[in-house]
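In what comes next, subunit A is part of two complexes: it sits with subunit B in the first one and with subunit C in the second one.
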Partner chain A sequence: MNTSLNRIRSLIPPPLIALMLAVFLFVFGGVLAPGFTNPDQAVNIARLAAFLGIIAAGQTLVIISGGEGIDLSSGALVTLGAILTYRLTGGDDAMILPALLLVLSVGALIGALNGIGIAFLGMPPLVITLGMAGVVTGVIYFYTQGQLIGRTPPAMGRWLSQALIGPIPGVIIVWVLLGLGMWVLLERTAFGKQLFAIGINRTAARLSGVRVNLIVVLTYMLSGALAALGGFVLLGFTQTVFLNLGQPYLFPSIAAVVVGGTVLAGGKGSYWGTMAGALVLQVINSLLLALRVEEAFQLIILGTILLVLLTMYGRQRSVRQ
Partner chain B sequence: MNNRAVQLLNRNPYLLSLLLLIIMVVINRALQDNLFEIGPLNGNLRVFTPAILVAVGQTFVVIAGGVDLSVGAILSMTNAILATQIPQDATGDVFVRALALAIGAGLLAGALNGFGVTVLRLQPIVTTYATSFIFAGVALRILPEPGGRLPRELTSFWRNPLAVSPDFALPMSLIVIGLLILFWVVLTNIRYRQNLFATGSNAEAAYSTGIRVNWVKFSTYLFSAFFATLAALALTLGTGTGNPRAGDQMTLPSVVAVVLGGTRLAGGQGNAVGSIIGALILGLIGNIISFANLDSWVRPLVDALIIIAALAIPGIFGVMRRLTR
Partner chain C sequence: MKAISVQVEKAVKTYGGVVALAEGNLTVQSGEVMALLGANGSGKSTLSKILTGVIAPNGGQVLIDGKATSFGSPQEARKAGISAVYQELSLIPDLTVAENIWLSHEPIRGGFIKWQEMRANTQQLLDLFKGLYGTNLQPDALISTLTPDERQLVEILKALSFDPRLIILDEATASLDSRQVNRLFELVQTWKSHGMAIVFVSHRMEEIFRIADKATVLRNGRTVGERVIAESNERELVDLMIEGATILQRERLPVVDEQKPVRLAVENLRTNVLRGVSLQLRDGELLGLGGLQGQGQSDLLMALFGAIRCEGQIVLSGQARTFHHPRAAMKADVALVPGDRGSEGLLLIRSILENLMLASWSRYRTPIAFSKARADGGQIAQELKMVMSSLDAPVNSLSGGNAQKVVIGKWLLRSPKLLLLNDPTKGIDVGAKAEFYNLLDRLRDAGTAILFYSSDDDELLGLCNRVLVLHDGEISAELREDKLTRENLVAASMGASA
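For the complex of A and B:
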């Protein structure tokens, strides 16, 4: 059974398995909860998955970079991105672009600090990004003083959350464009090649001329900027902010990356996989909601499904091999 | 700083933690005059005890090269069990039965983690993240809302210092800390220690020398779950009640405490006594900030900056070592 599973995995790329799983769960959901499978629901699920997927983009890069790469500061950065946009625009459409630029810069700055701590102080990514999450949360409390003043510019809701082209909301288009951008970045640029190289073996990469430290810092910068962008986009949907807005997205974003077939050890993965992973997680979430399962059982079922998904393609080599 | 001091600290990472702890105690004492009086001492240590216990359990997993993100959820689950199984009129044997039930449930949770990591060969970070949902769900199922009230005799046994002589009393939590240190000392003198450290530094090499790597890894998840259950006991006795989300904010600080204590996240090296120190440092930082009369909206930022500075210290020493060479 084990070998046949391996054969399937080598025949079908993980992103495709995840996508098929998402479609299967969506269709199968109609059997469990009559009325679940319909076009409106599909658009709604894709829209919610888009927010998670955009937030998970930076996480994908960081995990591919290896060296136990992970970014636990992304949840707090999502919150900061949303709060900055909310406050700086004050509901003024003309301020959207300046706010977006500032949000991206702040995210990149925090990410650069993570990267510097990892590359130059030798701190484990888990530790420094966890510490940085605390710092960003502290900055949020200090900046807002607990008062969430501001407004969401009306244009953001129109462009991002509501139907833009036919029934498709703008955020899905943003997501697809981001997917194309991530593909170009990973597969068609020198940065992408070097990112995979340092993910596989840092010493070998350094010996073949890759400036490992630079790539690490750039990767965490991108991750920070993308997380902050996630907060900006999320504001278009929630229309309001709260101090804990981004935290619930942190671990699901990691799960989406892993479910999409990106290896946690680094050096192997794709953003297509993460996109499919985000869809899988969102279908499960929406289905559990549609079934009106009480919260306790929702958590138990979600945990069990995650374990099953991981068993399907998150397995590591045995020490005997 | 001279070369020898840097070398000494590099070889003994826990010395740095001890130094940091002393600094924190001095600052705390400067802000709080009665810190060493039995009342505040007892109260502080009692509040820190659950975090200390969780951090000690986390140490085992980290040394073996993993991480357990479900300890908070296990704490919530066993806290819910203890709070619902010990009614206000509970007798001794009811308490013992409830405790056995909680420990059994905790170990079962740890076994599920160990099964995921060793038999299914999943990465620890995602496995324990997935199982944490299951345990959090079970906690909510057992106790949907915060509640329950423990017998007063039971809670006051834990809350009041133990009177050794008429003019000398010992906080119960200090006894617990002493027992934890004793436990670690005993453990580091039996064969298990070698197996644990060898598994963490190089699992394949350890396997080829005949160490049953999977059993060692499995055992570390049992340890972390067991200590999370003890933490739940300390919390339940301390608060006298249950909260199904009690452990939500316990998981990530336990990792920070372990790292502050000089244990390497990469595995193969570490010390549970260091983790106790790490948890004490974290507790004292919170204390200092609340006594420093800071504006309440600045506190989280100051707290986080101190923690990240403390976490960066070993890295800064590493850079200094390279420069002094």
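For the complex of A and C:
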């Protein structure tokens, strides 16, 4: 049983397995909760998955970069991205673009600090990004003084969350474009190839002329910018901000990466996988809602399912031997 | 010691569609040294891994003392009295020598490790090689502080600590110096007389004729013959191995053109290991580096490539240069083939193409012109006669010699002017070596300056006009023309001046 499972996993690429799992759960959900499987629900799930998927994009890069790479500051950065957009635009559509540029820069700056700490001070990613999450949260408290002033520009809701082309909301289009962009970045740029290389063997990468430290800093920078972008996009959906907006996305975003077949040890993976992983998690989430499971049990079931999925996907044989 | 007889019959192993072993046969008894010979990808490693329970065969059987046996793990094989010494070391760097040797079979009383006994037992094992290793090698020393040859010794002692009835020495001499090899061979003779069976995998023909009683030869995944060493000769075994191809017999060495420009001039180079090294290398010259393991050869090459810090003067192509990163050296048309291809040269789980292109991606613009990169990769693979299922196969599916071709191909793609080679033929077979020597000839004719460290004296004698022998971080001799003899090489590597 176990070996045949492994064989299936080696024949079908992990992103496809995750996608098949998402479709299966969606169809199977109709059996458990009659009426669950319908086109509106599909669009809704894809829309919610898009927010999670965009937030998980940076995480994918960081995990591929290896060296126990993980970005625990992304939840706080999502919150910061949303709050900055909310306050800077003050509901003015004309301010959307400047706000977006600022949000991306701030995210990149904080990510770069993570990267510098890791590459040049030798700090473990887990430690420095966790610490950075605390610092960013503190900065948010200081910046807002507990008062969330501002408004969401009406155009953001229209463009991102509501139906834009036919029944498809803009965020899904943004997501697909991001998917294409991530594919080009990972598979068709020297940066992407070198990112996989440092994820597997930093000595060999360095001896092949790869500037390992530079790639690490750039990766965490991108992760920070993408997390902040996630916050910007999320605001189009929530229309309002709160101090704990991004944190609940942190662990699902890591889970989405792993469910999509990206190896936690680094050096192997794809963003297609993360996208499929986000769909899997969102289908499960929506199904539990449709079944009117009590919130306490929702959390328990979701947690258990995550554990099972991570056990199935996350158990990597030693890839280096 | 209880006698043992081991028979592998018609063993088959496939990985996906690739046949690693089509028909592996091997018979070995107590008191016998059986050499296992074969070219790249001939199935030697697969066969020995089946014997030690590392992999399970798809077909055929293993008979131990006449009984069909299948091992689920190396632990089971060890219980049956079979243990192995691998070239790719299995030691944990952050544990001590004693902890590594006794890992998983520590002497225990009441759930606690008996440290005193473990240390004493370790010292006893170390005494087998008394006087042949540095003072640093102690039961409590961390593996990470040891030199490659010392690690190899620990690896051998670890296999020995299981009291095996059959021991497999897989390229176990590759990192050892000649005195250590001599001692190991004395030990092998003792083990033999006590009734141990020994399977000896080596690419050094001379060692096989020194130590083995019989040889089993594999070609393309099949056992093609067994010979009694005393009744065979080198020629016959090599012919069995490579089928038709001839091994390079060098007679004439091209003369170095003194008119060619000096590509590299080094003055008083110092690192933690090097204590002032000076040399000159012209275009189209193949300069050899000799000496015992760890005398500074690696440091010299790494320093020239900007991979470790150094002091002193490096003049490359007429310009004084200081490289702070390999990337800078690379841009100045310097290339380094590192000494340990697994940990320094390759991304094992990535594809052959990605490994070949790792140093060259930026030449293909953004987004990468992928079909162009693939065509270039395919061309170099063809040039080097790589045996592979496709460019997209992971590099860890290749045999040692083919994997080394990937490392070399990565640099040939950049057409280097100065090529630094750190023991590039270590652990690759005779056929691949012959191809490699021809490649060196072509590069030299094309005007590439090559600095070539080899742990194999025959290579230095056969390929180089001039050899610098390193001893204790200094050049102890420069040998050329009629001074370049085996005797002088050995004398200089022991620190005597020629």
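Note that the second predicted complex is superposed on the first by the 317 of 321 C-alpha atoms of A that agree within 3 Å, B and C clash if a C-alpha of one lies under 4 Å from a C-alpha of the other, contacts with A are read in each partner's own complex, and residues count from 1 in each chain.
Everything that follows uses one rule, which is that a residue touches a chain if its C-beta (ideal position, glycine included) is under 8 Å from a C-beta of that chain, and two chains touch if they have at least 3 such contacts.
Everything quoted here is computed from the prediction, not taken from an experiment.
> Touching A:104, do we find subunit B (first), subunit C (second), both, or neither?
neither
> Looking at the overlay, what does A:131 touch: subunit B (first), subunit C (second), both, or neither?
Touch status of A:131: first partner only.
> Classify the contacts of A:210 with the two partner chains as first (subunit B alone), second (subunit C alone), both, or neither.
second
> Identify which of subunit B and subunit C touches the larger number of residues of subunit A.
B
> Is A:43 touching anything from subunit B or subunit C once the two structures are fitted on A? First, second, both or neither.
A:43 sits against neither subunit B nor subunit C.
> Both subunit B and subunit C touch subunit A; at which residues?
The answer is residues 319-320 of subunit A.
> Where on subunit C is subunit A touching in the complex?
Answer in residue numbers: 305, 307, 325-327, 330-331, 336, 338, 343-350, 354, 357-359, 361-362, 364, 366-368, 370, 410.
> Which part of subunit A faces subunit B closely enough to touch in the complex?
Touching subunit B from subunit A are residues 68, 70, 72, 117, 120-124, 126-128, 130-132, 134-135, 137-139, 141-142, 144-146, 251, 254-255, 258, 264-265, 295-304, 306-307, 310-311, 314-320.
> Over in the complex, which subunit B residues touch subunit A? Could you list them?
My answer: residues 67, 116, 120-123, 125-127, 129-141, 144, 203-204, 207, 213-214, 252, 255-256, 259, 265-266, 297-305, 307-308, 311-312, 315-316, 318-319.
> Write out the stretch or stretches of subunit A touching subunit C in their complex.
Listed in rising order, the residues of subunit A that touch subunit C are 184, 188-190, 193-194, 196-197, 200-201, 203-211, 267-268, 319-321.
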